[in-house]
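All remarks here apply to the structure that follows.
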Amino acid sequence: MPPIVSAKRLVKRFRRPKKAPGLAGAVRHLLRPRHETVTAVDGVDLSIEEGESVAYVGPNGAGKSTTIKLLTGILVPSAGTVDVCGVRPHIDRQANARNISVVFGQRTQLWWDIPVIESFRLLGDIYAVPAADYRQTMDELVDVLDLGPLLGVPARQLSLGQRMRCDLGAALIHAPRVLFLDEPTIGLDVAVKARLREFVGRMRTRRGLTVLLTSHDLGDIEELCPRMIMLDEGRIVYDGAFDEVTRRFGWEQKVVVTLADDTADAAGRAGAALARVGPRIETTGTGLEVTFDSRTVTSGEVIKELALAVPVVDLTLEETSAETIVRRLYEGNLTFQQPVRQSFQPVGDPEPDR
Amino acid sequence: MGRLIRIFFRLQLVQLRSAMEYRADFWIGAVGAILQQLVSIVFLLTFFGHISSLGGWSLWRILVLQGIVMTADGIREMFADGVWKLRADVNDGSFDRVLVRPVPPALQQVTALASIHGIGNAGLGLVVLIIGLARSELTWHWWSLPLLVITVACGTVLNTSISFLTNMIAFWEPAAQSAFPTMIALMRDFAKFPLDVYGVAIRFVVTVLLPYGLISYYPSRLLLGIGQPPGWWAVTPMIAAVAAVLVTSVVWHRGLNRYQGVGN
Amino acid sequence: MTAVEDVVTRRGRRDTAGPKYLSLARTTLQQAIAYRITTFFNVGLTFIWVIILYYLWRAAYAGRVSIAGLTWDQMRTYVVIAYGINALVGWRTGSAMMATIRTGDIVFEMVRPLNYCTTQIARALGFTAVEGAISLAFTLGIGLLFLDIRPPASLPAALLFGLALIIGFLTKVLIVFLVSLLTFWTLNGMGLMWSQQAIMQILSGTIVPLALMPGWLQVIAQVLPLRGIVSTPLQLYLGTTTGWSVVGLLALQVGWLIALWVLANLAWRRAFRIVEIQGG
């Protein structure tokens, strides 16, 4: 079976004009325009099987949104090929549109002033969904996403979380084969994120939906995407199991502590208490930031030692971000190799810095 | 094809519903739009208080010209005002959505906005047109009414195309906030008066470059029986509409290619 | 953003009003210069009707020396300068005033001990500098190069014209300001602008000189303040009014200006109070 989404040596370059500021700059640009070339996507190879759920991750500016736009036909590649469900998106745009669906986190596809149900009906029309299918799909979506009370409300009156749920429903009305989610959980609270994750997971198992999700927050992907592709500066630096990544590189954790008062040697005392672990301790305006290797000590132990050593008022355990993981990958001098399905052996296992 | 037409009307209905949410604003918009048109009428009435005829054109005959232009544009406002949203959509990325739906992007853009207050302009235009026709002492032929209807329809298509075309600058200069499209659209006011009064330059602009004149002056000469106009002038509206649509399509495709090549 | 810049500019100094309002004007001047191309087309499009009217009146004057006391030379001059004056306070001024209210920046204004009306006038000056310069360019360019307009009837006429122009400018800004206050109660600023522009075009004598209007309309236009914006300055420019009538015209202009100033100040204070009570 050929992959449902495949990209080969995908490249996207942008030519940006370089304009000096002010009136003189504007005139100079008019006479002799100068441009610089920005390569947003630099030779990306993707291969996604039907039914997979893939996270497409990277720091801001890595090229995630550009890739999504290339895969959905919004942008034309500078080089390389894209194939989605046997269709080349930017060439057979309308045929491709029937197979896919896109949810943009920042923008809704609902019509702003009319009740949500009207938007759904209109989409059903636009995608030529047969009446029986529409009814059945709607029932399921309303049930799973709990859209009942929202249907009669105009989109502009919905909260961000409610709107996100409706956008997800709207995206699935025409039963697409591939669902693209571009930063879908920005600004959402934990409860809503959990619900969305559950929903997407259910759609996968029930309908064999293929999902590609971009995010710069790894917390989103947990439990949803077994496979993670990590992007940095337009190139894929990792393609394999999500668990592997957190296991290998997510060992750096950080506890942020707020202290009761301005204890002069708080850092010293904390350092002494955790001496055998050798954490990195930084002083902040309100307390301390303790970074440690979770492979050598659990967060529970660290917290316990800290509470004994310094007057802790409040603390948070920070999740590992994509930025941190990418840094780790590079520090480990990794080069990307062809992904073996679901398991990836990076060249040069990074040693913890002791 | 039938499906596209149905979707066109459904999208219009959506806009209509949206507009109804803001009822007071609709009335203010409608009144404002009508008042703008009224300025031209006030001028005409005053002008003809002192002049009896403008080179063979009476007040009533000129009202026919005004009526055609106003009605055609009112209808455009009601159904195809989305072209004025193109720049905003390209700039904030909403235009991406248009590319991932299985409906031709042009259709989606044109229906992105339906300024229902256009009904004021269309209504006023019809009133003015009917009054003008009634008092013009023209001879009605079997082709008079069809010609009129086709002329107005072509006028709507022409205005939509020209406004679409000028707003497509957004694909090449997305940040440009110029009022250039507004200025070009306003030039249809030239066609509200008989082209005989203008100099050669204006006549050329309004007949060849921005063929607003082909919608009002030429068919009206036939309709009202002024001078001895050749019969083929009956198709000038269609020539204008077809030419405009062709040019607009070409540039639209170029614009889409550019958007997909360059991003936003 | 203007409001924030204004607050920063003030820096809490307790000095005279002048510098504060001047810096407001300077801020909008910078904005206006940034949008000079848009302004160019905005002013340009108002001159479309100058061209239309030119040709129509030219046809009308073929075989006629004067209409309602105006010669062809005078009518030509009237049309060009009327639209030139109209463009001094253009689209941008009105929409900026409305935007302050619509975006909620108005709350900055409400906590400042400045006169909101004077603030808006100061801002308008910033826009007028650019819109006025471009309008002047169009007026002189089209008027002198193509349409051969006439200079003022005499030196006193020119001076009176200048005086009436300034009073008329302030009158227009006050009226636009009053209309902008309606934005507190409606979202459709465009509709308000269109209505105000249309009514102003008719009753100020822009689209047609007052002397040509049908009797009933002329009477209405003669008592309203709008004539002071275009018609009065032009009557003085062309020298069609002489002697005590001149005094009468100016007195009417000034009288209305004072009345509008009082009305404007009452209106905005009232509007602020209503907003404070209702919570905007």
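Order as written gives the chain letters A, B and C; numbering starts at 1 within each chain.
Note that in this section a residue touches a chain if its C-beta (ideal position, glycine included) is under 8 Å from a C-beta of that chain, and two chains touch if they have at least 3 such contacts.
Just so it is clear, the model here is predicted, and its values are computed rather than measured.
Chain closest to the overall centre, judged by the mean of its C-alpha atoms against the mean of all protein C-alpha atoms: B.
Chain pair with the most C-beta contact pairs: B-C. The distance from the centre of subunit A to the centre of subunit B, each centre being the mean of the chain's C-alpha atoms, comes to 46 Å. Note: centroid distance subunit B to subunit C, computed from Cα atoms, is 30 Å.
We define each chain's centre as the mean of its Cα atoms; on that basis subunit A and subunit C are separated by 53 Å. With touch defined as above, subunit B holds no residue shared between interfaces to two or more other chains.
Considering their complex, residues 22, 24-26, 28-33, 35-36, 38-39, 42-43, 45-47, 49-51, 54-55, 117, 176-180, 182-183, 186-187, 189-190, 193, 197-199, 202 of subunit B touch subunit C.
Across the complex, subunit B is touched by residues 14-15, 66, 69, 72-76, 90, 93-95, 97-98, 100-102, 104, 106-107, 109, 111-114, 118, 122, 125-128, 154 of subunit A.
Interface residues of subunit B facing subunit A in the complex, by the touch rule stated above, are 3, 6-7, 10-11, 14, 17-18, 21, 92-94, 96-97, 99-104, 257, 260-263.
Subunit C makes touch with subunit B in their complex at residues 35, 37-38, 40-42, 44-45, 48-49, 51-53, 55-56, 58-60, 67-68, 186-188, 190-195, 197-199, 201-202, 207-208, 212-214, 217.
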